[in-house]
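First subunit A sits with subunit B, and in the next complex the same chain sits with subunit C.
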Partner chain A sequence: MSTSDKEIALKDLCFRMADDDLILGHRNSEWTGLGPILEEDIAFSSMAQDKLGYAQAFYSLIGKYKNSTADALAFTRGEKYFTCCRFVEYPIGEYDFSLMRHFLFDNAEAIRFDLLTYSSDTDLANLAKKFRSELKYHTMHANLWIEQMGNSNEETNLRMQSSLNTCMPQALGIFENGCNENKVLSTGIFKGEKFLRDAWLNMITPLIEKSGLKIPDIETQTPEFGGRMGYHTEYLQPLLDEMNEVFSIDPNAEW
Partner chain B sequence: MHLSGITMMEQTLIMNTQIDNDTDIIPLELIHEKLEQVKDPEIPTLSIVELGMVTKLESTPGRNIKVRITPTFAGCPAVDIIKDEVKKRLSELDPTSLEVDVNFDVQWTSDMISEKGRKILQEANFALPQIHNGLFNIEVFKNVECPFCQSKKTLLKTTFGPTLCRAIHYCNNCQQSFEQFKPV
Partner chain C sequence: MSIKSIDPRITRANIDVNSSPEEVLKPMSHWQTYECFHQGKRGEHHVHVGSLHAPNDEMAVILAKEQFGRRARCVNIWVVKTSSIFTFDIDDEDIFKNNQEKSYREASGYKVMEKINKYKKEHKPA
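Our next item is the complex of A and B:
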């Protein structure tokens, strides 16, 4: 029997979400021990833990159809099989970059999960219902910091503005269609990336303005696409090598 | 049948009049007792029953037990430990088959903590999560009551505490930090 459209759509979307969360979770965890203040160190570490939890659940859902495990799906696929957006791959940089990425990505993810609570797939809708309540803490954290840093002094404002300018084309890459976007829409799994992008812009625009920052003209931005099709930045492979180091030496290692 | 402390749990005891041997079905009370011995590794006075993590309990003829558990947080590292502990405790009842499912079919919220659970949290000097019925925003973190001196002259320091389920506040009255079990 051929694979149903719904299954194809579900796997496509779940891989994109799981890969985003795995890679961004890994990046967030790189702040552990390095945060500018203790509370922020812990905040990024906690958010990393949450993201890995979402990734694990999405991989497990795919695993039900592919007869595989979350670990195998996370750790044994080659770089070109990853469909995360390029935005999540970039190194953590300075704190202003990490904060801005956190703000732009997590607001998109929060709306995504809200929309997914209406998914035609019950398992996915159940996960979304759970995760969106946790994600509220991520967006509260991000929105507060963006507002405070944007309005604090000239230097913080300049830094946040410069990070926003850098991040915007990368962030628009979140909304690149997947290989099976038409099936995602036709099966009612999700309302689609275009819908999400518009809702996201409506959400973040007033928050950015309230923070004393200027949102770059969206019409003139070239979204950084490629990630959803397996074309990644030079930063992904080294990250995978590091992440998979133990697993590739001993797949059954326990710690 | 009355089982205390359980508000959200579906419980099924499939009675079969044909069965004259009453040891063939494990009473829910016994299963309950065992589950109450399984504690949250991060708050060792609080059981998974009081936390509201047990969302389904089934005991059927032939000494079969089915339990469903929902994680408090998606990334909670204690889930595997809890699952193993549930299996260990319930095995003591000598079931023929034992199924422990961990999934998100029922999504945990802090509203599911039982009255007894809230009392235990208070005794452990936690500020309680506000009952929110699914709706809350950053406002609920303002002026949370200090568990030490009951003052409301308090400030939220961070919503990300030492574990995923804890926020940290500071009391300006008794000048101590305190932890709150987060509303989720």
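Our next item is the complex of A and C:
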């Protein structure tokens, strides 16, 4: 097993995770100041900021191998080079959609980080150990909202169910293999997307049932793939333009 | 004509310049309030740090974590419905007045702290 295999695997996985966190962190921060109530606005914004923190850490880890910086990796790559899943790119929509995405994505991320604490790469394992306690709160928050909205009244239940139906194929896109998934597995960096997907389904199924919602039949769902290969929704490029607007005025500015 | 803002989110929302606020808030049209108590270290007293709106106990404690637990060190939080707190009427403040000379009852009357500090100083672990 050569070092370069491990490096390729590490970069592949870290780009996927960092891009997911950067884009979803940016999306969720769009609620700042516009959240349904002040207390939730603060909580949701704070968790969005946590995501940007994960992105920064994973980009920095890649930067060590590529002799680059987190800022450069986040703000200067073209859309085609992003490997985030399409799920994180969609506009925030109504709050039910954003909550459902938060629930589905963060439960997957929490399990991902738990698994990564056993990664053969110690840097990555240490980051995962550091972040998992934050994710524990994120999932507590998400699970409670889903449970309460699902069981509250007919309107909230219908809205959550409809968001779940919309989100499910998109969420399954989280688990699309990266270009170097085989190396990710063979080097022991991560247990892989297939393993994560099954663990995630086991985790969310009882939570969804407890919330009075019906999980769509997974066998009949067509996962929305493409993001990991650089094929994105029409929503990513405008987001990148907006996000990079200030950075591109003067990329070398000192902050 | 819709509002053009330097905040792209506001511009995207397509809000009419002449639109008036949608609803007039009435008293109690918000969720109830909870009082929050922050514990900085295990074993320390929980200290009142503020209040927040929440629909029920479970949501109150979840929301309190980000309102009051994310800046200073925190190991736990209590939330209590504001309506569960019983208190004196503000007009009855005079019952707390000490009319007689009772300073011997005040904690500051005890001089033992000096002795404790002196002992601590002398027995400082190396």
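Everything that follows uses one rule, which is that the second predicted complex is superposed on the first by the 250 of 255 C-alpha atoms of A that agree within 3 Å, B and C clash if a C-alpha of one lies under 4 Å from a C-alpha of the other, contacts with A are read in each partner's own complex, and residues count from 1 in each chain.
The working rule: contacts are C-beta pairs under 8 Å (C-beta built on N, C-alpha and C of every residue); 3 or more make two chains touch, one makes a residue touch a chain.
None of the values given here were measured: they were computed from a predicted structure.
Of the two partner chains, both subunit B and subunit C are touched by A:42.
By the document's definition of touching, of the two partners only subunit B reaches A:57; subunit C does not.
When subunit B and subunit C are set side by side, the one touching more residues of subunit A is B.
Of the two partner chains placed by the overlay, only subunit C lies in contact with A:34; subunit B stays clear of it. In the superposed model, A:144 makes contact with both subunit B and subunit C. Using the contact criterion defined above for the overlaid structures, shared-chain residue A:242 touches subunit C, although it does not reach subunit B. Looking at the shared chain after the overlay, A:75 reaches neither subunit B nor subunit C. Put simply, subunit A uses residues 39, 42-43, 46-47, 137, 140-141, 144 to touch subunit B in one complex and subunit C in the other. Looking at the complex, you find that subunit B touches subunit A at residues 73-77, 103-105, 107-109, 134, 136-138, 157-162, 164, 168, 182, 184.
On the subunit C side of its complex with subunit A, the touching residues are 8-9, 30-31, 52-56, 58-59, 62-63, 65-67, 70. Within the complex, the subunit A residues that touch subunit C are 30, 33-34, 37-40, 42-43, 46-47, 137, 140-141, 144, 148, 242.
Residues 39, 42-43, 45-47, 49-54, 56-57, 126-127, 129-131, 133-134, 136-137, 140-141, 144 of subunit A are the ones that touch subunit B when the two sit in their complex.
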